[in-house]
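The structure appears right after this line, and notes come after that.
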Amino acid sequence: MKITGTFLDEISIDIPHQNWGRAEWDADFSHMKSVGIDSVYLIRSGLHRFISYPSKVLIKEEGCYEPPVDLVQLFLELAEKHGMKFYFGLYDSGKYWANNQFQKEIDLNMKVIDEVWKKYGHFKSFKGWYLSQEISRRTGGIIDLYAKLGKHCKDISGNLPTFISPWIDGKKTVQSFSSTLTKEDAVTLKQHEEEWDEIFDGISKFVDAVAFQDGHVEFHELDGFFEINKRLARKYNMECWTNAETFDRDMPIKYLPIKFEKLRMKLEAARRAGFDKAITFEFSHFLSPQSAYLQAGHLFDRYKEYIKRL
Amino acid sequence: MKITGTFLDEISIDIPHQNWGRAEWDADFSHMKSVGIDSVYLIRSGLHRFISYPSKVLIKEEGCYEPPVDLVQLFLELAEKHGMKFYFGLYDSGKYWANNQFQKEIDLNMKVIDEVWKKYGHFKSFKGWYLSQEISRRTGGIIDLYAKLGKHCKDISGNLPTFISPWIDGKKTVQSFSSTLTKEDAVTLKQHEEEWDEIFDGISKFVDAVAFQDGHVEFHELDGFFEINKRLARKYNMECWTNAETFDRDMPIKYLPIKFEKLRMKLEAARRAGFDKAITFEFSHFLSPQSAYLQAGHLFDRYKEYIKRL
Amino acid sequence: MKITGTFLDEISIDIPHQNWGRAEWDADFSHMKSVGIDSVYLIRSGLHRFISYPSKVLIKEEGCYEPPVDLVQLFLELAEKHGMKFYFGLYDSGKYWANNQFQKEIDLNMKVIDEVWKKYGHFKSFKGWYLSQEISRRTGGIIDLYAKLGKHCKDISGNLPTFISPWIDGKKTVQSFSSTLTKEDAVTLKQHEEEWDEIFDGISKFVDAVAFQDGHVEFHELDGFFEINKRLARKYNMECWTNAETFDRDMPIKYLPIKFEKLRMKLEAARRAGFDKAITFEFSHFLSPQSAYLQAGHLFDRYKEYIKRL
């Protein structure tokens, strides 16, 4: 199972910044291409007050900080240069939808979508949308949010594809800032299936693909959850991707590049389940030969050996 | 706003050691100079039992460990070689003044000051003193401590300058060892002004400059606190510096180099406030092209681009 | 005191993986040799479901994951190539002996020992055994476990040497995943001596050496504990080694390479105590010039300067 897409972790929640400029990003897109990655997904265009492009909407309405660089423009240009697809990740307020003000989150993002499409929609590399609100369970008004935002993305852009990347509420679901690694009350296969059946039912018209994060369950639990994810996606005619996390959730330092053995196990599980595509969170910190984490360069080498044998 | 001074984080509380020898320090002083840093400030000459120079006083009275290298000598020599100013940071017992034994902390440091000036006062690069006890509020006998130690430093050394580097007791004031990032009971602007008015009133004769750490409040709160700091410093005829932290307080890994955007915002706030000078904690881990954290080298590049445009 | 042996931290509990292939391991064995390390100790052959060699026993009985590489074979080959000794670390279930099912832990490892000796016993570099269950106190059936497993290792292999590496239950005994650095209820010298007298009495026929980890007590407490360790080892005719930890236990990032000054203090304490040998946990992350932690390369340089002066 080969990884063909990666998130770009700008704006980050919990991964320290590498402070790359255009030259480093340009080189990284080359590295991605060299292992078959043809798509990049902006993880979110903004979080709280930090934003990735100079959004008049967000600076005015949310007091966001004027960014020093227009990363959306940069990534679109580099995607164009390297013949890659760019997906725009929506704004995550980090507060409205987390405090049950889903309509406020929707309203803001409606304006962001309008603004962004007007500003960047002419780029040939603008190929899709990522609905950046991350969930694992049927949470508040999330179905409505995904459906409305997905619909607006598609309506405005001539039906460009949309996707989400939820997590499975497994035993490794703990805050990145917590000093624990696991929790007691993991979701069961049955609960997972019931809730996602309902969610997919509500969003499948406006969300083309679902890429579950693969890092929150034990490795031997992957097959069980992947089978459900695949079956539900087929039922609702959605694409089923895996979001193969390339960072390690089992260590006290949160987070460094994953042990290759673990990545291989997760990709193999996705292959066995017959998933349509593998993407990763994310190449530039955890799998890139120019990452500040030198373990990533070695993971890159191990991964290259692996895909050569596929 | 250009950074013209940096702390040297020896002895460190919470930043892992880089294990540099003379060659690496020499190269780092060159890197500092190349971006306009002309002053280095030893963050503290000792903490608990670890000390930066073979102090007979501290080895005898506090059971401190004999150090393998005389870092004070090394830094003074390198400062001389590179035409830079060295400020000596006092000893921090980590216990006496923290347990309300301020007089004991003062007595010890009186002897340290005597010892150090006698041992190293002849260096032309010995240009000032840093009062290393860090506070954010009007704490116990701190006014008395700053005043007495500052006075003795100045008396013995022909009035060489002294400074302190407190923090603002904002919402990001949490222990570096804690897994949390924020606290609830942040100081208000009013409390901050009242307490620092009183502190400055008690110390301004013996402390020439105050360099508040800039990392404990939200970025949009900087202007409010900076305005007070500047106004109070002017009232008491002290210099007002900013201590621009070059590490990131918002991430689970405590700490890696800061996102350039954040550093820029903090320096711009200091510029708007009309501060007299910007220093940083600290160059060698977080802003140096030879830092073990490779993100620092990229931050160095971004910073160089920034100051070129000033 | 020169370090002549190192653990190989595969399978790791809490140190992120470097993702090395054969070429990197080969180079690392060369680096080890260059500073006088002639022995490598596999820290454990497996933990929970992760294993270092394709063990039919562990895959069948414990549902362990088939590893992508046979690390035991790789390390034995490289040890042979570089003229080094390899010690095999037993399997640590991470659960049976931790839940007072010592017999189950013993039974499993009896089969592992049989399997491993049959599979790899012909390697000339197979020179000993490491009993991987780590303790600090007289815990449950640990004496019985060490004695029985040590005996079986020796019986099957023509009396190859065995060793253990316990920790001292000092104030720095906290979980690597915890955000604290110290605990209140440290063991006293008297308790330590009483318990280890009893343990050594029960195991000395089957365990040739004990290598206490040196990182859990304050630096000025080392002499006291080392004197006891040495005296007890002599009493029971065991070799007394120090396991000089090359990572720093005093920092929020758990763990990065130790400050050289600390390593030197610990090695000097072992020298003063007249220990028979110094080994480390571990070279490849914390002391290697090719470590992903660049601080390790500088520690390597400082360490080389140190041993040159011995």
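All chains are identified by letter, namely A, B and C, in their written order; residue positions are counted from 1 within each chain.
Here, a contact is a pair of C-beta atoms (placed from the backbone, for glycine too) under 8 Å apart; a residue touches a chain by one contact, two chains touch by 3 or more.
A quick note: this is a predicted structure, and the numbers were derived from the prediction, not measured.
With rounding to the nearest 5, the Cα superposition of subunit A on subunit B corresponds to a rotation angle of 120 degrees. Subunit B and subunit C touch with mostly distinct residues; of the residue numbers seen at this interface, under half occur in both copies.
Remark: subunit B and subunit C have CA centroids separated by 40 Å (rounded to whole angstrom). Residues of subunit C in contact with two or more other chains: 179, 253, 294.
Note for the complex: subunit C touches subunit B at residues 179-181, 219-220, 248, 251-253, 256-261, 264-265, 293-295, 298-299, 301-302, 305.
Residue ranges on subunit A touching subunit B, taken from their complex, read 14-21, 24, 49-50, 63, 65, 67-68, 176-179, 253-255, 292, 294.
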